[in-house]
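Read from first to last, the chains carry the letters A, B and C; within each, the first residue is number 1.
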Amino acid sequence: MPSLIAFILAAGLPATLLLTAAGLGLGFIIGLGLALIRVYAEEDIAVLAQAYENVFRGIPVLVLMLLFLVSTGWPALFSAGLALGLRSGAYQSQIVRGAILSVSDTQVIAAYSLGMNRMQTARHIVLPQAFRLALPGWSNEYAVVTKDTAWAGAIGVLDMVKAVDYLIFENPLIFLPAILAVTIIYFFLTYPITRYAGEQMSKRLRSLGLGGNY
Amino acid sequence: MTDFGDMHGFIPLQGGLWSYLDELGQSFLITLELYIVGLVIGFALGLTFAIMRQFGGRFLSKIAVGYIEIIRGTPLITQVLIIYAIPVFINAAGIANLQLDWYLYYIDSQGRIAITLNWSILASMLGLGINSAAYQAEYMRGAFASITTGQLQAATSIGMTRMQSIRHVVLPQGLRRAIPAWSNEAAYLPKYTVVAIWVGVMEFLNMAKTVVAQTFLSVEVYLIVAFCFFALITFVSRLLDYVHKKTKIPGV
Amino acid sequence: MSIVLDVRDVWKAYGDLQVLKGVTFDVGETEVKVVFGPSGSGKSTLLRCINMLDPPDKGEVFLRGQSLMAKDANLNMLRARIGMVFQQFNLFSHLKALDNVTIGPMKVLGVEKEEAIERAHIAIDQVHMTEWIEHYPAQLSGGQQQRIGIARALAMDPDVILFDEPTSALDPELIGEVLQVMLDIAKAGTTMIVVTHEMGFARAVASEMYFMDKGVIVEKGTPKHFFTNPEHERVRQFLLRLEVLYGGHDQE
């Protein structure tokens, strides 16, 4: 059993972690861009950002992965990472936008009354607070992307699930414990982060009085 | 997982995409089946856990929290695989001898066997339901918690039992308040039905993969699949928005 | 005159804070008892102890001779016989005014729908809210909501009604309509315990007044006693402050 777990980790974990990083990283860039567009840009352009979100939230990520696999010539790992990133961008956009909008109006008014312009206010007052407010959302998104990396197994990426997948035919008896082990590993990848970064951070933010329009 | 080993009995035709319309349609029905049953199971279980979490004693409440955290902290794919594997394990370990190759079917317009239920499909439905329940429970609990304790005190003070307070004061308002968040979950659930591929169910995406293998029209097929999911999700989303507007009560 | 409510030596603490320190009094049929005193004196807690929303730590409460603390007491039924009107009204937001008043009789007392509606109409007429029965709480002003709250209590035909600072959350111009309703039902013979600082109301209908401070009843007496010659200096000071703050508004 321990050797099985070691095998799972050695064979599958690297892909899981890589895809998580790629998905979150790409998603962050896209998400930030979309959020800024939706909050600060002209209506006509902001609508496009909204459209992007709708599209990439309305399609199963596995379908995206397959699309990229067959349309580009790229290896499965890249296709999967790209799909995860584009999807995450759509969700991170919501997170950042929500965080920006929950920075107290009064803060912005105070900044303007000091003479700051829109860009300065955004840069020095709104965004710094927004990033802290986004932490619970981001910790949740981290968990989501981590779990979503499992879809990549269907396009041939060797992740933790794929590492034990074949066992259902070759050694059915071992399969259940193996998949349970994989599940537990996922739990330890996600829960600590969501519990502490997510909940604790929410509590701290609330006690500091950050965010929320009163 | 990649075995399309569901007895479908269809004769692969060469040629254009259109010749597969029938099969794709049938597989889309499977997807819908997975979606709706999963959603209903998710609702029933989710409501139960939400009530346990909000109104159960310390013990029930902790169980509910544990369930929600574990399900939300692990991938849907592993959850479905675990459910699927349990009877397989039981058989392999010699504990019992469970029948796993049963299936329900109907004969379609072209005289072929169209499977509506087998263990793979059932396991997928259960997995989707159990998974969705955890998320639905959280949305409902949030809505329940937002009902003021004042109203609950009023209910108690006229002599309502706990159950009565839940039934007449909390649920009518809580379920209405949960509609926006719940609609989100309900609208996007179809996306997750593709998990059934892992246990060999011939649902829409799986069928599409077969079509791709037969016709080599990969990009077109997957674009159509993407579009179909998008359309379904948008449709459900709009429908639920409409329902929400129609059931509005001022002040709730 | 029979005793409706008998409160004996009630103690209640929240954590380290002893809120009620041995409160004893009784209320007879058709009597109106007014409890007043500085905030934090335990007045609201006392009411919540009486209908066991927050059971006392020590002491006993008897409703027409039946103990509310007895293990086999049917608490819900006993609560149904003790009406409560809340500072924050606590109407059920998802129910129209009429339904707020009928739900108690129907679900707790098992009254038939038609009879419940009749009862509700009578109660709502008493509080002069007949034109508003189809409105939701969110569509009513504070004073209107509170009057429906009173109707809700009346419709249960209780042995006694507890009023927890019923006008404290109201805008000044809305206080009058609620006080008028309370005066009317007091004069009609309803047994009431009212926590309030509306001295005009007390002067008009109170059978007895209790001054509470720091968890004990410091002084008991008729309105005449309190307004002409109270015993304790604390009471004198308190009444003086109320006079200064509310002045002529008190004249009924």
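One rule holds in what follows: a contact is a pair of C-beta atoms (placed from the backbone, for glycine too) under 8 Å apart; a residue touches a chain by one contact, two chains touch by 3 or more.
Computed from a predicted structure; not experimentally measured.
Taken as a contact graph, with one node per protein chain and an edge wherever two chains touch, the assembly forms an open path, each chain linked only to its neighbours along a line.
Central chain (C-alpha centroid nearest the global protein C-alpha centroid): B. The two chains most heavily joined by C-beta contacts are A-B. A straight line joining the Cα centres of chain B and chain C is 50 Å long.
Per-chain CA centroids place chain A at a distance of 54 Å from chain C. Chain A and chain B, compared by their mean Cα positions, are separated by 22 Å. Within chain C, contacts with two or more other chains are made by no residue at all. The touching residues of chain B, when paired with chain A in their complex, are 1-2, 69-70, 72-79, 81-82, 85-86, 88-89, 91-93, 188, 191-192, 194, 197-198, 205, 209, 212, 218-219, 222-223, 225-226, 229-230, 233-234. If you check the complex, the residues on chain C that touch chain B are 51, 53, 76-84, 86, 88-94, 103-104, 107-109, 136-139, 149, 152-153, 156. Within the complex formed with chain B, the chain A residues making contact are 54-55, 57-64, 66-67, 70-71, 143, 147-148, 150-151, 153-154, 161, 165, 168, 172-173, 175-176, 179-180, 182-183, 186-187, 190-191, 194-195. Of all residues in chain B, only 148, 150-151, 153-161, 164, 168-169, 172-173, 176, 249-252 touch chain C in the complex they form.
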